[in-house]
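Chain nomenclature is as follows: A, B and C, assigned in order of appearance, with residue numbering initiated at 1 for each chain independently.
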Amino acid sequence: MLSVQGIEKSYGGIRALDGASLDVEEGKIIGIIGPNGAGKTTLFKIISGFVKPNSGKILFEGKNIENSQSHEIARTGLIRTFQLSKALTKMTVLENLMLAPKYQEGEKIWNVWLQPKLIKDQEEESREKALSLLKSFELFRLKDEYAGALSGGQKRLLELARAIMAEPKMLLLDEPFSGVNPYLGMRLLDHIESLRSDCGMTFLIIEHDMPMIMQLSDYIYVLNKGQVIASGLPREVKEDEGVLDAYLGGV
Amino acid sequence: MIEYIVSVLLIAIIYAIFSLGLNLEWGLTGLINFGHVAFLAIGAYTTVILNLRGVPLIPSMLVAVALAGLCGALLGLPTLKLREDYLAIVTIGFSEIVRLILLNEEWLTRGPLGMHGYSRPLADFVSVDYNYFLLIVVLTCLIVCYFMLERLVKSPWGRVIKSIREDEDVASSLGKNVFSYKIQSLVLGSAIAGLSGSLLAFYMRYINPMNFVPIETFYAWIIVVLGGSGNNRGTILGAIILWIFFSGTRFIQGDLPITPSQAGALRIMFIGLALIILMMFKPEGILGRKEELLLEQ
Amino acid sequence: MMQVIINGIVLGSVIALAAIGLSMIYGILNFANFAHGDLMALGAYLAFVFNVIFEMNFLVACTLSIILTSLICVLFEHLIWKPMRRKSAGRVSLIIISIGLALFIRNLIIFLWGPDIKRYALPVRRGIDIGSLVITQNQIAVIIVAVASMFFLHFVLKRTTIGTAMRALSDNIDLAKASGIDVDSVIRYTWAIGIALAAIGGILYGVLTNINPNMGWFMVLPIFAAAILGGIGNPYGAMIGGLVIGLAQEISTAVLPTEYKLAVGFIIMIAVLLVRPQGILGGV
């Protein structure tokens, strides 16, 4: 579904990515691990269009996206979340979710006055979907709270729920478990797994929490110093010498 | 006395419309536009120039509003991607260049002499003091703008704009074309400013470049900030308060041992101070909501 | 043409002086101080007050004005900027506050000293003729003072502890804090020095042309342009930027109507922001 080929990116003298490549099959959960500074988030930024690579290709469902803009890529169904949680704190939880769907006619300025009925209907539909999503994420009682009032873990759940509202084909999750307490972490895990099994959603996840990512992933890529140094099934990667070196030897 | 009140009400409402445009750009979308007065000028001068060349008023006004909006887009296209403080500097520069053009292209604008002698809506048909009629026109424009903007704020479009104000990356990651939305906001805000420019021209019966100096932009800013950035009702309230302040102080200044120019300066000193104190201690203004403030780093 | 170049260098020196202070403060405090021009004007007016109203010797008047203006700025730092930093105020709040401050200072000047044009009590001196060029003694004085001030700044930055601390702070504020530098104190010094330079710039401008309440606002755009062109935070960049802008403005009169001189600085600034926002000497 997603094919990343030989991505290179330098910032001034620093090579953040040095020929990174990976493939993600549809319906799978793929994990990316690696020490700090390995280039994982940079890779995400490039895949999702927030940063342009110096060279390399990215194909999503067969189409080249390495030069596309971030909002265009999101529209093709590739949605990312952020390392530092970006719940929109000045909007309510419900509003955060209702922002997400893609084809809202009400977002076109002239429609606001020309198509009020259509917008009303779409908003109703959106609202119902959002409420049911909130229920399944156990955030329903917080629906009218400003998102700024939520705990760290709740914000992460909110972000995931919001991303799902956008009906993605594939989700890029950047450290979704960081700062989340164990209980909420398990709920998050359950949600990801059920999205994969019930909806066939594909995931590419960066994570530092080893137990979580090992349990969750079908396949793992290990990044270090801008390159993929190992890849394979979780238990294979766990025992790989090169991987242990990378983590223990320090960057 | 009544005529005086009508006159003050007129100018207050014109400023309210002008500031509503800024409220859309800054309060709702988070764009620092320090050049808002440029569109007031474009609206006023376009209306007047066209009308003096024989174009009837309604088409003149429509062209003025459209041109103001278009200039907003032209300003925004190269500059909206700049960081907020750079945008502030650039927009002031833009409004000053517009003013320089008005001052120097005398073949078009009669330069510092200004322009007068243009007609006003239905002036020939109104038998009472024209200002009463103009008040109705201006009030209607305010009501239309207000409801139009309120509709926008509560719509999905408004939701996207608010998300852009807080965090562009989130909006982008959900497929929203941030740049396009910012331009839309700027165009609409500028068009509204253009409309207020036309109305200003009718009110004053004579316009010249001195009416379009940067401080006018900052009057709009204090109106918006005082009322509560992002709150349209607050903006209207802010405009009324500002003009009560302006006209009220005119009454007492005769009693103080100061010259008119000192009185004028004192007024603006007060406004500058008010801006500082507001931003330091009550940045949400009168009607704004603290939770919706976005002024921290 | 040479005449225009001389005028450009003179004007450029004044812009450069003001731009240095703006750039340093912008670099350390990370916001655009729109009151900078009016602080320049305040310096010019205070010198006028001492020189003309209190009939002091011009140089004494200037010295007093520079010290007073500097102190006033440190007062603002204490009353306004530091408390706002404590509140983690964003760039936007600070900019809006600086606009309020600019309006306040400018109109305070009008309130206290009136809107009409004033001049210093300086003897009128003959210009020096070099071939077909005329360079007035005032212009020479301006260049000398400006260059001397810049050397002084250079000395402070390279040879004094406070100067080193200022450079450290503008390089990397967190590292500077971690190495035990008293950030608040350095910021105060930056204000004092930066505004002192601006006050000198204001006085020089008053010497060259005249003293009027709008002189500061008039110069704000070229000063910002110079600071941005040179690279925000880099005083040497501001010096170069000032000269370039001054020259460009004066040279432009050869092709543009003089009324559009101001627009030249603005256009250069826009071009820099779009193409290379870190300016000539700015970092990556």
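By our rule, contacts are C-beta pairs under 8 Å (C-beta built on N, C-alpha and C of every residue); 3 or more make two chains touch, one makes a residue touch a chain.
Here the structure is a predicted model, which means the values were calculated and not measured.
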- Graph class of chain-chain contacts, one of line, ring, star, complete, other: line
- Note on the structure: Centre-most chain by CA centroid is B
- Message: On a C-alpha centroid basis, what's the spacing between chain B and chain C, in Å?
- Response: 31
- Distance in whole angstrom between the CA centres of chain A and chain C is 48
- Message: Using Cα averages as centroids, what's the distance between chain A and chain B in whole Å?
- Response: 42
- Could you say which residues in chain B touch two or more other chains, in rising order? 294
- Junction residues of chain C - those touching two or more other chains: none
- Junction residues of chain A, two or more chains touched: none
- Query: chain B touches which residues of chain A in the complex?
  - Reply: 48-50, 69-72, 74-75, 79-82, 86, 88-91, 95, 98-100, 102, 104-109, 111-113, 119, 122-123, 146, 148, 162-163, 166
- Query: Which chain B residues qualify as touching chain A in the complex?
  - Reply: 148, 151-152, 155-157, 159-160, 162-163, 165-167, 169-178, 184, 188, 291-294
- Message: Residue numbers of chain B touching chain C in their complex, please.
- Response: 32, 34, 78-79, 82-86, 88-90, 92-93, 96-97, 100, 103-104, 214-215, 218, 221, 225, 261-262, 264-269, 271-276, 279-280, 283, 294-297
- Could you please specify the touching residues of chain C with respect to chain B in the complex? 31-32, 34, 80, 83-84, 87-93, 95-97, 99-108, 110-111, 114-115, 217, 220-221, 224, 228, 257, 259-260, 262-263, 266, 269-270, 273-274, 277
